[in-house]
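Below is a structure I'd like to ask you about.
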């Protein structure tokens, strides 16, 4: 967005067909400097509309990325998952049918407005191939899409920041949901460990898949099931299995990822 | 448009998930009759959004058809063609660089706004696959696109009607432009006539193309050139050639076309 | 779709600018009858492109409606919900990380292709305002979008039918998920019943909301909690409460809805 | 385009949910270096789709800019203007109705394909908000739009280069078209010059507009008409008027513009 907004900080004073017929290029340059704008290197009657299209497309892209966040949170808030809730005021009314239930209405609003931004990008692209030095057809369209797109992305950023700042997080629910498969989600880790002990990949896969399926279908502990499998037990003792079925293993590279994220922000 | 607007004159009263949990289907039917709306046969919490998408798409299509008209008029008004001009008030300022020249600014406005309607159709399509019985993401988007699309198409129809009502037509310029090719535009008619007299298509084509090219390049009368071609002259006398090179021949089926157009309007 | 496909079964034989310069309108009519096509009432060099745009837009709309179905199924298949699964062959590999888990890959494919159809609708709208009698710019675009859109919607319909035909449904999971709120989902029914007994809406709402929240938060039966509330118990006996908290109540109008659906299919 | 293509030269090896559960971040880095790719700083199961959307949008923008060129050439080739013609092979057939006339079919093809690129950008934006770590819905869409957009922009660049390389330019027609207004196009220059001699702007404007209109309407020389206006003649002698009505005046800043263009290319 920064790059795209910088790219439209540009002006022109090159006359009605871009030939500097009444003013010299030096005048244009001096005026633009006073206005703290760059001057368009080669203009027609107007600044070519590819600049504006690049901006409106960048806004549509930013909006789609905000929607990516919004979609994730909408999933996490659904009744069956309920790992987070977007912020709500005390006394805010819940869903009309279920007063105790709250819908992720802010994230849904972000999703809806992201669509408007994408539609506007389409309009901006169509504004590029103007006729001759320019026709004025882009003008009516830009009066709609330029204020709408710039205002909406600003509003959506405020909405998204507010959601993150005030989000309610339910770690217990996260833990419960992790337990839904009764450990089957550790199957990849166990598979790799078995192969490393020398078991053939085919045999290891069959062992792991059977027990993972059984754990999930019958609601029994994947780890306990594996402990009773002779072929597994002789290769991995209870301690090793415990370690493989521990969710903390998945977090060990978290610091490295956060470090990269911080670098991006710099 | 009529069909699309009729298709959204529909309502529902089937409760929060469309199961008529608190009201009977008969109540819905009675209320909708009072409101002079149809009732949605199978609804969720809302009327499914495919109806609204069909409307916004029909509006985009109508706008694109108005743009087809606008593009034609913009072409006809360009300085080198200038067969029509869209209406302007006495004293209305012309183009900024050439005070004597008027730009087709209303038609250009129609072109620009048609783009906005197309972008909105995209948004309406994306509103169809809502989550579950419905999420509320369509709501924020519809607050932008429903008023914008319906208002704009109404405005564009007014603009287009006004342009047609007050259009200035320059028949002399049309005649001059017809003469630009010095008769080469009649080549297809002459070609057919020559073939009908028994000349081989290849020979006829070569004769016609050579003289058409010469007429256009050298600014000489196509008909006069043909009269001097022995192979043509022995087949088509001056009277026959005159008839083939008469623009009125192209108008002979006009009444049939207009009749069809009137039938469409009924 | 039927209507839109019928609307493009049309042809024209009106010459290079639609003036029937070499053939009579009667010839056009006779030829089209032989081809079992309607004849375009007023054509230019081509059949105007609004017809084709209406078709490609109708396909985009149909695709978006299929995506609505696909999105619903994708939700129902997620690990935490798992009320249905789209069909899979015996031996089909599951998710790469969790061999026991199957992703709704067919429904996801429908979602992705629905986007392509929407993008193509945009192209078709832009094809309408051709220049003059017609320019040929629509041709290159139509060679991409006409085969792609018609083929894809056919493919997507096959995918969707296949998913419905072979879908695995897990009624036990549905019942479990209904129980997730411990009865709080019946709050609207209880609220209405309490108001009908003469309790003020404000009081009824407070009673219902408090107990619904408690049921959900503490994992206790909503119905049992209400039975212990004196203000509720004196108005609704255990039998009445049981009836209000019975999911079958929500199904009582199902036959009426299915009847309407069948009428639509006729 | 260069920037956008560079931004997708990136890969990831962070496992099924981006947690490096089976491989260390160092392995990812080493592999990407071997592949001469950057590594995605924070990934999920996939490289986030905003990168790909940025690329497809940049291609749509480049295509729209090529269409801007194509539209300009299509205008310049129309029968009434005919200042340029796009290249054609000896023996290439002309328009079907007028064998001597050639349509700008390559530029029209560029226009049509630019629409396809814009539609694809819409699809790419919609691919950004995937579900969870990722769903696979983008995959089916990308199999259509990624090869289509990259292949088409390459093809369109070849078409456009070929048109420029082989373009036929008709300077005589350009001069004739400049003369269409009989000098009225110099009115702005004369207006400025009159105001500089001390005449009030209002008076100058009226004088210039009247004579410009008369020149255009009656086909008389604007310069000659002005020479006969006492108020003009006493301020601007024949030499001064001649200079103001000389098209070369408009070209005096051409070298500066070309210099800027060359700088851009560096």
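Going by the order they are written in, the chains are A, B, C and D; count residues from 1 in each one.
In this section, a residue touches a chain if its C-beta (ideal position, glycine included) is under 8 Å from a C-beta of that chain, and two chains touch if they have at least 3 such contacts.
All values derive from a computational prediction rather than experimental measurement.
For the pairs B-D and A-D, the count of C-beta pairs in contact is higher at A-D. Across the assembly, the mean Cα position most removed from that of chain B is the one of A. Inter-chain spacing, taken between the CA centroids of chain A and chain D, is 32 Å. Between the CA-based centres of chain A and chain B the separation comes to 41 Å, rounded to the whole angstrom.
Computed from the mean C-alpha positions, the centre of chain B lies at a distance of 25 Å from the centre of chain D. Multi-chain contact residues of chain C (touching two or more other chains) are listed as 16-17, 75, 97-98, 111, 118, 121-122, 126, 131, 188. Against chain D, in their complex, chain A makes its touches with residues 16-22, 24-25, 41-42, 48, 50, 53-54, 57, 60-61, 64-65, 67-68, 70-72, 75, 111, 114, 118, 121-122, 125-126, 128-132, 188-189, 192, 249-254, 256-257, 260-261, 263-264.
Chain B makes touch with chain A in their complex at residues 15-17, 45, 74, 95-98, 103, 105, 108-109, 111-113, 115-116, 118-123, 126-127, 131, 135-142, 144-145, 148. Chain D contributes residues 75, 78-81, 97-101, 122, 126, 177, 180-181, 184-185, 187-188, 191, 205, 208-209, 212-213, 216 to its touches with chain B in the complex.
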